[in-house]
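First up is the structure itself, then whatever we jot down about it.
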């Protein structure tokens, strides 16, 4: 039996680097991985991109309407060999159903699934995929990073043209206009004016 | 600054025992705790009850319509001294707002909050309180227990008069008619007929 | 395959309570456990004693010269049925060889071994058993408790007739004359005069 | 107050990558780090080298006879500004005294110290530095990797010209002749002929 892991961390905590390292480790031991990314994320142009400078193409993308278990089985068959591990980048963008399918890949098909993603959006609300992962994953592991103040960052504040904003759509991929800064709860509270 | 901890575990994993131990430890070191329980839970008659045989009255209960931070401040004032730690039993029954208030108790008021609860109901869906805790708690720690098969139990299956049931209200406190058994995902899948 | 777990924590962090809870959980699911204690520990008179008020006799004791794997096999045979889990109280008092034997019970015999103990003595040096457990256990998990100052306690300071002492034998079971207080590193440093 | 972290993992689990990511994260938030490496390790020629292809020079090296706290203070002064975090690569090669000095840097000087290293040598015995880190670090975190069989690797088997060897010096830096393969306990036991 495999397990479903949710390795969560604030933005810019090194999740993509960690995913690429795991892929490297598996392959170095003669095992194979598949990397999948929800199609909603257009950052990196269907690659997993680490801020440290590494990148690697995903093996397949998944649309919100598709079945992850079916798609993974099709990919496995296309490679002609058993895949030893499924890695999910930006897993918060999976649907809740796709997380249940990931659980079935682990528990019924016996393939470990390592899902990397953030817990919450810029308003501290969970994404459908991350909520479901937090509910059912076998193991919840945190990738830590620091806030500008030195404490552990947990929340993902959004900036628009450099200014913190607290309204807008849940999903806004970072780019030229929109950026994110991961903050500790104290610093996040200070930005929204909650100090007492 | 304090932190908000969510110590989650399947039913019958020993959460109440762990809570009572923490209370004991604090008091042994000359520090004080307050224990709160959401009013929805009627098990134990406003006590924290451990299956190992210990019990202790809660310090106050919280209704879904009440503000946890206000209620805690009132309780602190009534004792005439600073409370060093807030312990929450059956934390899955908090509202999402009350979890945010628990976060403020930790981050703004500087009092650590240790919340004990289950992640999901008998259909593997999160409770409002547990979802919010999973989204924002500083630390997620699992109290493990085993399934009848020996693997780690994660899901809380409901039995009615001894038979597994998969429909009904989200909340049904265990008692004479309704009981729960914590199962691993494989055994839970077997019970709902999902085997391939 | 089973695993060897080392669940470590400062003195008075609730290790015995946690051990008794695990035993209860296994038995509640119709599984069996054996509890062993190194003979060097005379506290509790061959019982596992929780400060919360519970106690339970150990199933067998182990002398420094005995082989844990052999002794466990003999105990299993004497019960006439397979034991599902071996629980070790005061595991720091195992010899290094006995920890290796615990590892073989887990890896070769397939029985999970949960060892509870402290990491270090009153001078912050490891015990032979705890060092070996830290070196090879599959999983290291901490049971946390607090220092008198509110921070996490880690070191086990010894008191003799109420006064902190920093010389003496590594093993001195707590009783009428000798007691222990678990301290955070800052408070421990203060007691030994290391402040800059 | 800072903390001393020991992030341990079998060889080739990605420790250097993780260290480089943490350095990147700190600097991205406008904070500074210092990277130190014990001089015994000659791999990478005074760089931290990740198998993923990244490398970075260390800020200073430490000889077994030197005082880590003094050396770090000198380095901090030479940069003219406070260092926010000390990162230690190949931390198993620190002496026990240097680990105590790392603890003082964290607890007394208030600078978090993140030490990356392996727990045990090719015979499963701890190194002086890793034993002391396991004894006193505030937090023990594992970086996981897999064995050739798919289970978690924990032990670091040595190969000489491609053949497993089980005698030799504790320290033999991997290179042309000597290599290492991280194995799970089962596979390691199989290599040394321990199967029952």
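Labels for the chains are A, B, C and D, by order of writing; each one numbers its residues from 1.
Basically, contacts are C-beta pairs under 8 Å (C-beta built on N, C-alpha and C of every residue); 3 or more make two chains touch, one makes a residue touch a chain.
Remember, it's a predicted structure, so these values are computed and weren't measured experimentally.
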TODO: Give me the chains shared as neighbours by subunit A and subunit D.
DONE: none
Open item on the list: On a CA-centroid basis, which chain has its centre farthest from subunit D's?
Closed with: B
Open item on the list: Same or different interface residues for subunit C and subunit D, judged by whether over half of the residue numbers are used by both?
Closed with: same
- [ ] Rotation angle, subunit A onto subunit B: superpose the C-alpha atoms of these two copies and give the value as a multiple of 5 degrees.
- [x] 180
TODO: Could you give the separation in Å between the centres of subunit C and subunit D, each centre being the mean of its C-alpha atoms?
DONE: 27
Open item on the list: Measuring centre to centre with CA averages, how many angstrom lie between subunit B and subunit D?
Closed with: 38
- [ ] Two or more other chains in contact with one residue: find those residues in subunit B.
- [x] none
TODO: Would you identify the shape of the chain contact graph, picking one of line, ring, star, complete or other?
DONE: ring
Task: Interface residues, subunit C side, partner subunit B - complex - done: 12-14, 17-18, 20-22, 24-26, 28-31, 51-54, 84, 145-148, 150
Task: Footprint of subunit B on subunit A - complex, ascending - done: 1, 103-104, 107-108, 119-120, 124-126, 130-131, 134-136, 138, 140, 142, 151-152, 154, 185-186, 189, 194-196
